[in-house]
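The next part holds the structures, each set out as structure tokens.
Shared between the two complexes below is chain A, which has chain B as its partner in the first and chain C in the second.
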Partner chain A sequence: MTATASTVHLLEMATGKLVEADLLDQVEERHLKDWDTQWRPLVAATVRRLVTTNAPMSQWPQSFHWNWRQKIEDMKGILSGASFCIECEGVTQGMMALNVTSARTRLAQQKGQHLVYVEYLEAAPWNRPEHVAQPRFRGIGSILMYAAVARSQAEGFKGRVGLHALPQSHVFYADKCGMTDMGPDPNVQKLHYFEMTVEQAEGFVDGKERS
Partner chain B sequence: MKFEIKKEWCLAAARREGDVEVGAGSLAFDPTPEIEDAAVQGLPTEAMQLAFGKLVNFLRRQRSWSIEQLARQANVDAAELLLIEKEARHQTEPHTVFQLAQVFHLNFKGLQQLAGLAVVRNHQVVTEAIRFAAHSDSIEKLSPDQARSVEEFVAALNRLADGEKASQ
Partner chain C sequence: MAAKKTMTLNLTDAEMDALERLSADKDLTKTAILRQALRLYQLVEARLVRGEKLYFENDATKEKAELMLV
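Coming up: the complex of A and B.
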């Protein structure tokens, strides 16, 4: 099955202008190839730079300790599940994998309801300030989250979404997406679990202004 | 699945998002964040193996050997040596590591750790290995600086392989 493309727009930081991009409803082999051949080398280059400047390990990008071999296998698994990615100028700018079948809500007011769980969401390293002085595009995380909410609505889950955020991403999910931070989850490496209620989802896709 | 996301929504969302990190999910997370004092498992194995390949390459060139000559000296397969030097993800056979340790007079345990065949007991090994790999480049002849880099790294590897702390 071929992925369906929808036109979205990213903010190009160099020009301050919106550029057209494709939101695809399936990660395909070519996107994983971009990850392998273009994302990973940039992460490695960051580490090389930090090492040569004697930066302490604590300043290394948190993604560097990934066991790449295991991650490659996990990434391949993305091809078999629900997934989305953003392509711009022929290159993969962000990817997301979802679990749309087995996750349930944890918030008291909606406990036990179905939700879409974001297994994985990541922007390309050149769009992230920890890797480059000036990120190339903005808006990737928001558009992917829009897709997660829309998929939740399409599944009949009314926009409910859950995820475990990386430590540096709490601001995005709490303040920018308006999700509820339920604190560290001892079962998932103490990552904070965030959940989006039906009302929060409506607010997010309506574009209600937040801090 | 088709979306209709308005341009205005994208612009507002991008401005709101700013430069904050967006990563989510354990797949996007360092699985061993508290590694500083533990046995160093799941560390940047690829970087370690890259250092292993660089070390073999440098030591071979230091002796002015071709890959075939090294293969004969160590009694190992030339094709595997090529993979060791060129492909950081290559899983080296333990026998090959042993033979290379013999022919280059290296600490077998240290070389095993570098090749990803044994658990690294000393965090400093990783730092030294990555520093060494980062310092190296692809020019044909070893510069005096590179030769010194090899010597220092071999000394550190031999010293640190058993978990001994580096003298700072």
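Coming up: the complex of A and C.
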């Protein structure tokens, strides 16, 4: 199956201009190659720098151990998995892996309903301030979350989305995406569980379309 | 999402009742319920083929019961 592309726009931080990018509904080999040859060396350089400067672990990029090749390999042929990525200027700028089957909502007002669960979402290291002083593009996380909400709506889940967030991403999911922080989950390394209701999804999509 | 194909499905009254009840409880169309069922079945099969087992755990007592699949 070949990925389908939709045009999206990223904010180029150096110029303040919007640049065209492709949102693809499947992570393919070339994206994993970018992860291997372009993302990982930059992440490794950041970790080396942090070790050299004795930086506390709280400053380390918390997704540095994620292995996208393994994650995508595990999802191959499995209908409950889905993946998305963003390409701009011929390079992978962000990736996301979803589970569209085996998770259920936890918030009291929608408990037990189906939702799209975001397994992993990551922007390329050159787009993140933990790695570079001046990130290249902005908007990757929001566009991928928008894709997760759209997928939830297409599945009939009305935009409900859930995820466990790394501490460095709490502000993004709570403030930018408007999700409810349900606190640490003792079953998932005490990561905070965030959930988006139908109303929050509508608000997030409305805000995205206005921006 | 990918292009879709249509099929006719013959169900007994009991099966249709169960499908309609799930559809109402989960606020999903009957097609969406069957799609979810297929995905879950495929996922469970893939894990079993890898030599894994399927358990249900009681949230309060933490008691585990293996679901026997043949």
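Rule of thumb we're sticking to: the second predicted complex is superposed on the first by the 179 of 211 C-alpha atoms of A that agree within 3 Å, B and C clash if a C-alpha of one lies under 4 Å from a C-alpha of the other, contacts with A are read in each partner's own complex, and residues count from 1 in each chain.
In the analysis below, a contact is a pair of C-beta atoms (placed from the backbone, for glycine too) under 8 Å apart; a residue touches a chain by one contact, two chains touch by 3 or more.
Quantities reported herein were computed from a predicted structural model and do not represent experimental measurements.
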Checklist entry - Touching A:A154 in the superposition: chain B (first), chain C (second), both, neither? => result both
Next on the checklist: If we overlay the two complexes on their shared chain A, which of chain B and chain C does A:T101 touch? Say first, second, both or neither.
Outcome noted: second
Item to check | Which superposed partner A:S80 touches (first chain B, second chain C, both, neither) | outcome: second
Checklist entry - Is A:H9 touching the first partner chain B, the second partner chain C, both, or neither of them? => result first
Checklist entry - Which touches a greater number of chain A residues, chain B or chain C? => result B
Next on the checklist: I'd like to know which partner A:L166 touches here: chain B for first, chain C for second, both or neither.
Outcome noted: first
Checklist entry - Given the touch rule stated above, what does A:K33 touch, chain B (first), chain C (second), both, or neither? => result neither
Next on the checklist: Which partner chains sit in contact with A:K176 here, chain B, chain C, both or neither? Use first/second/both/neither.
Outcome noted: first
Item to check | Contact residues common to both interfaces of chain A (with chain B and with chain C) | outcome: 25, 151, 154
Checklist entry - Which residues, counting only chain A, touch chain B once they are in their complex? => result 4, 6, 8-11, 18, 23, 25, 44, 47-48, 51-52, 57, 62-71, 74-75, 94, 97, 118-123, 128-130, 135, 138-144, 146-147, 150-151, 154, 163-166, 168-169, 171-173, 176, 188-189, 191, 207, 209-210
Checklist entry - Can you list the chain B residues touching chain A in their complex? => result 1-5, 7-33, 35-36, 42-47, 89, 127, 130-131, 133-135
Checklist entry - Can you list the residues on chain C that touch chain A in the complex? => result 1-2, 26-29, 32, 36, 38-40, 42-43, 46
Checklist entry - Touching chain C in the complex: which residues of chain A? => result 1, 25, 78-80, 100-102, 112-114, 151, 154-158
